[in-house]
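Look at the two complexes coming up: chain A is in both, with chain B in one and chain C in the other.
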Partner chain A sequence: MRDDLARAKRIGMEYGFYLLLLAIILVFTVISNSFLTISNWAQIAIASTFLLAAAAGLTLVLINGEIDLSIGSIAYVAATVVYLTADVPAGVSVLAALVAGLAIGLFNGWLVAYLGMNSLLVTLGLMIAYRGVALVFTEGTVKQAGDGVAALGQLKLFGIVPVIFLVALAFLFIFQWVLRETKLGTFWLAIGNNEDSARKIGIPVRRAKLAAYALCGISAAASGTLLAAYLGEITTFTGRGMEFQAVAAVVIGGTSLFGGRGNVFPGTICGVLLLIVINNGLGTRGVSPFVYPFVAGALIFIAIYLDSIKNRARQA
Partner chain B sequence: MTTLNRRDFMTSAVAAGAALGAPGIVHAQGKVTVGMAWPGMQDAVWSTSHKLLNEFAAASDTEIELVFTAADMDVAKQASDANDLISRGVDLLLVFPIDSKAISSSVKRARDAGIPTMAFLRQVHAEAKHQADVFVGIDAKYQQLSSARTVFEKMKADGAAIGEVLWVSGDIRDENSRLRGVGLQEACDEHGASIAQDLVGNWDPQQAAAALAPALKAYPDINHISVASDVMMSGVRQVMQDAGKWAPHGDPNHVYLSSVDVFPIGLELLRSKHLDADTIFDVTGMCRTAVELMPRLAAGETFDSDVLIQGPVFTPDNVDDPEMQSQLWAT
Partner chain C sequence: MTAKLKMEGVSKVFPGVKALDNVSIDVRAGEVLGLVGVNGAGKSTLMNVLGGIYMPEEGHVAIDGRRVELRRPADADSAGIAFIHQELLYFPTLTVAENMFISHLPSGQVPFSVDKRAARRRAQQALDQLGSAIRPSARMEMLSVGEKQVVEIARAVAQGADIVIFDEPSSSLSIKEKESLFAIVRKLKAEGKAIIYISHFLDEIEELCDNYAVLRNGRLVGSGSVAEVTRDKIVELIVGQVVSGPAARQRRKSGAPRLLLKGIRREGFLEGVDLELNCGEVLGLWGLMGSGRTELIRSILGLDPLEEGSITLNDSSGARPIAQAELLARTAYVTENRRTDGLFLEEAIWKNISATNLEQYVSGRMRVLDKGVEAKTATSMIKRLTIRAPDHTTRAANLSGGNQQKVVFAKWLNRQPEILILDEPTRGVDVGAKREIGELVESLADAGTSVLLVTSEIEEMVALADRVAVLRGGAVAAEMQGDDINETELMAAAIGTGAARA
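So, the complex of A and B:
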């Protein structure tokens, strides 16, 4: 009997979140005629795109036991690069934005991995600095993306599936592959579990962390670029608050804030989906907009609470 | 409450003084140091108003020094910035509140230190205990009221059914957003319409899109969407395109759109007839008036009411009139 309870508890801890997501989808399907429709799910896909792209890279950093709070600002910098390169071909513009994200990611990683700076504090400060850089170039005003990039934002596969969503998904699957199928992924998990032990067994901790931050920078830049493509313009709100939403989605998806545990697929994808589905589902029912922050906040609290319990159990 | 139309600005100093029922114009002697507690520079209005205030201050007969602080949308930092300015002994505190209620404590500290306060653009919340000595801003309620009213009249002329309106609002902490909502409600009341749903866009096109998309599913027959600012219009456009509801006036699929601010995207959509009415956000007039009032407030003059600027409504029919064009600042 006690074994059964323990097993049920373990299953609940491991899979409860997925069951919750399924239950929420079922509830909205029942109470709203317009929820489970192709066009609504196309909208959910678009709404998820930017957070998915940003959360993909952040998952890798969190698995290392570190954090990057500058991802929203990196997204804004990348979008600003899209604006600054509006006159060149779309491919070059997108590449330039991703390279900017890579460069910032490498810089963040260098500060954390090689100079040993606290990732929370350093990326908190850089979050403000990077946004400031973007503001200098945009002068705090709305700027237009190039026509080519804006056209990319409108592409749809079979006339339904937004291509920008597929691009975000591609990032997620590539990062999941790196995490699960390469040595680098194993290094990250080991570092997140115990950095000292990882170092002792010869894992190149600094280089592995640098790689995680580099990928995080690219994925944040992708998020900003996709948003610029979708809207056809770059606003000062690009990426604002994205870091907190992304951390929430990643942790809800089962990645530990303490490192050493987590995955991009299905965890982070479902974490993002949960936040977006709740927002969308409440919207299709015409529920007060003030309800969403409460529901989302409660979910984030529960996810972090469960993460703490899991972490305590693991340490015990 | 005093309201000034855009055309009144050539004589706005006189108009403000007279209309406010001031006891008499008092001029400050010598230099006036004004501490600016700004929310940040991330928004076109914030950065433009900062620039214009400096330009008008430089051109003023009275020597005005503006000491600038920006809080990067952090309410606590804005309170700290205001404290620093008060400690520095400025002659006047010019606050552009991030949070309409939270700023009240900074107003009190300034008053305790004998420093008058001017609220700029965003009013201290009506229920807050300590109010600024004067508020210079846009008549936010009038903006949405005039824009939505114009659309309702157009719908009436077109023979379109007037019923429910989707409201894409701004930041829930923002008094301007709340007042624009009040203006929309008044316009709805005038025309027997109602607000079907309040969609919080937080002045962010991405959030506006995320909120509007499911609402269009919930209200598939909606024929009027009112947006609190053009700044969210790119998100609204995308969602409406995706929903197959993006068509110019005259097309059977046209959804009437009213908005506020007349930013470049608003002009573009007025010209393409996707947007039916857009009331301008007159930053130039507001900054000019604020600078005119600074020496008087610093000299101890008191004001009985707020100074609210009203701008004209741009429509597809008048958007390219030279007189209307002359009032644009955000293009």
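So, the complex of A and C:
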């Protein structure tokens, strides 16, 4: 009897949030005529693209028990690179933006993994610094992306599915594969569980963390590049506040802030969807947009509360 | 048949001590050797030689008749030696299979990928071999302590170890889990593994082992077949010639009862403990690791669950049942580990001392703390307990172990407790401070405080306790007082030879 209860509680904690997502979608479907329509879901796909791309990489860093708050600024730096390379072919421009993200990610990872700096503080500082670097080049004004890149941003598969959304999904699936099917992914989970034990047992802790930060950098850069491509221009709002939305989505998706637990798919995808769907659904019902922060905040609170409960069970 | 594992003439010297002195043991395939001895007798050092952690100054190790050089832990691995440690090393959110093979996961077809199915299959094989029903895909955090240990053993089996060393494996297991551990040890034996089983429990040695070896002060003082020896003989070997110490000291007569425990029970750990703690006495709680000493204290103070039993407190208002939380609030509890839960290491001495009784220092309408009074209290405590520190503002972290422990005592004395519980009060403390702490405990008992003392140092128990309750298997197995409290009797009672009268 007690076992059944415990099992029910565990299942509830593990899958409850997927049920919540489903329930919310159902409620919006019932109360709003315009919610469950193809055009609205195409909207949702576009709206979630940029957060999905950034949250994918952040999930990996969180699983290591670290954090990267500079992802929003990395996105802005990448978008700025897209502007600076507006005259070269689109492919080269995109590649340059991603390489910039990789370089920043490696630098972050080096500071955290090799120099042992506290990831929360160091990436909080660098968040400001990277944005500053980008501002020097954009002079704080709106800049145009190259025509080729802007065209890529409007591509649609079968005339309906936005390609940028598929690109974001590709990141998520690749990262999920790395996490679940490779040694590197197993090492990340082990490090997140107990870094000391991982080191003792011979896991290359520093290299594994460096790799997580590198992938996170690329993923954040992809987010900025996709946004630049979609808008056809680079605004100073690129990536602003994204770090907090991304952390929220990842944690809502069941990844632990303490590390060692979580996944990209379905966790992070559903976390992002939940935030975007609520925003969208409230909009289709004509609810004041000022309600959204409250609802999102409440969700984040619940997610973090559940996370600490799970973690307590682990330490007991 | 030659021995599977042979250690010959092994000596190891540490600065100032000869930790091992010409020790020779051997184990054949399909044989279990029970290794016994008190803490500090050299068991761990001997096993660390096998584990490649220490290089012996003299002697050598041979496996299958061939000499092996064990210079680092990896050498022991490749020689087929595996250790099942007391403290398990594992990753809670990974699966059983991943935990077993984390350092050499099998590669899959796709580049970089792991062949999870192969890992699970190999894990399953190893677990089947042990007759365990644990699933390789289960997450480690879902397993009990005993099951985690089985995984550790399965890891050793999967890696092809044929010499398996169990280091006090039963000390953190419940009674039922012990049974399945024994079954596994027998299975490994039947498969022809050579096994060394370290334990304090002679009944386990009797039940599981073919041969025994006793270490004392770094020397092998006896060995042979378990079938041909009595428990009393082994106890004698373990304890050695008891040097008659100073004349038996005067032991206090018990005062009025203060705390009454009845039928304290916690599934798997405590099997109904009855205990009476009186005013003005030192009651020793004696027993081996896993006998329930610390568990009893944690349960009555509400730090662990208490499933059954009653706690009665006798104070000025008469005898009445008392809740665990209230008992905790009225008790001074000097914990086993002062660095993690005894002190605010980064804070000054005076803050550590006043922390237990802040109410006493508030003044004025705003109820602000009066630092002057706090400092005065601290200064007088420093003098009273002869804490060696420049002054009361010294950080606790900068004190020696002994002086840190005195600060812990000072912080509790500041509350003038009626009940003082001491868990390993002189661990890691130098000889001088040890004596001073002993004298302090004596003077507190003389002044009427009820002291409950847990220690694994037999000399300390003999020196301080007025009465001793011996715990075994989660229950009081014997009580001793007066001249019965001596090293031989204590050891015998803890191990369970029946020599001590119940």
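In this text, the second predicted complex is superposed on the first by the 316 of 316 C-alpha atoms of A that agree within 3 Å, B and C clash if a C-alpha of one lies under 4 Å from a C-alpha of the other, contacts with A are read in each partner's own complex, and residues count from 1 in each chain.
The rule we apply is simple: a contact is a pair of C-beta atoms (placed from the backbone, for glycine too) under 8 Å apart; a residue touches a chain by one contact, two chains touch by 3 or more.
Values in this document were obtained by computation on a predicted structure and should not be read as measured data.
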item	value
Partners on chain A (chain B, chain C) - clash or fit	fit
Touch count on chain A, higher of chain B and chain C	B
First, second, both or neither for A:Arg285, with chain B first and chain C second	first
Touched partner set for A:Leu227, first chain B, second chain C, both or neither	first
Touching partner for A:Glu139 - first (chain B), second (chain C), both, neither	first
Contacts of A:Thr186 with chain B and chain C, given as first, second, both or neither	second
Partner chain in contact with A:Ile128 - chain B first, chain C second, else both or neither	first
Chain B versus chain C as contact partner of A:Gly91, first or second or both or neither	neither
From chain A, separation angle of chain B and chain C (C-alpha centres, steps of 10 degrees)	130
Partner chain(s) touched by A:Phe237 [first = chain B, second = chain C, both, neither]	first
Partner chain in contact with A:Gly297 - chain B first, chain C second, else both or neither	neither
CA minimum distance (chain B, chain C), superposed complexes, angstrom	28
Shared chain A surface residues [contacts with chain B and with chain C]	none
Contact set on chain B toward chain A in their complex	41-44, 46-48, 72-73, 169, 172, 196-200, 202-207, 209-211, 213-215, 217-220, 231, 234-235, 238-239, 241-243, 263-265, 330
Chain C residues touching chain A - in the complex, by the definition given at the top	89-94, 98, 102-103, 105, 108, 110, 112-114, 116, 141
Residue ranges of chain A touching chain C (in the complex, touch as defined)	178, 181-184, 186, 189-190, 192-194, 197-198, 200-203, 260-261, 313-314
Residue numbers on chain A that touch chain B, as the complex places them	32, 34-35, 37, 39-40, 42-43, 46-47, 50, 128, 131, 135, 139-142, 154, 227, 230-233, 235-238, 240, 276, 279-286, 288-290
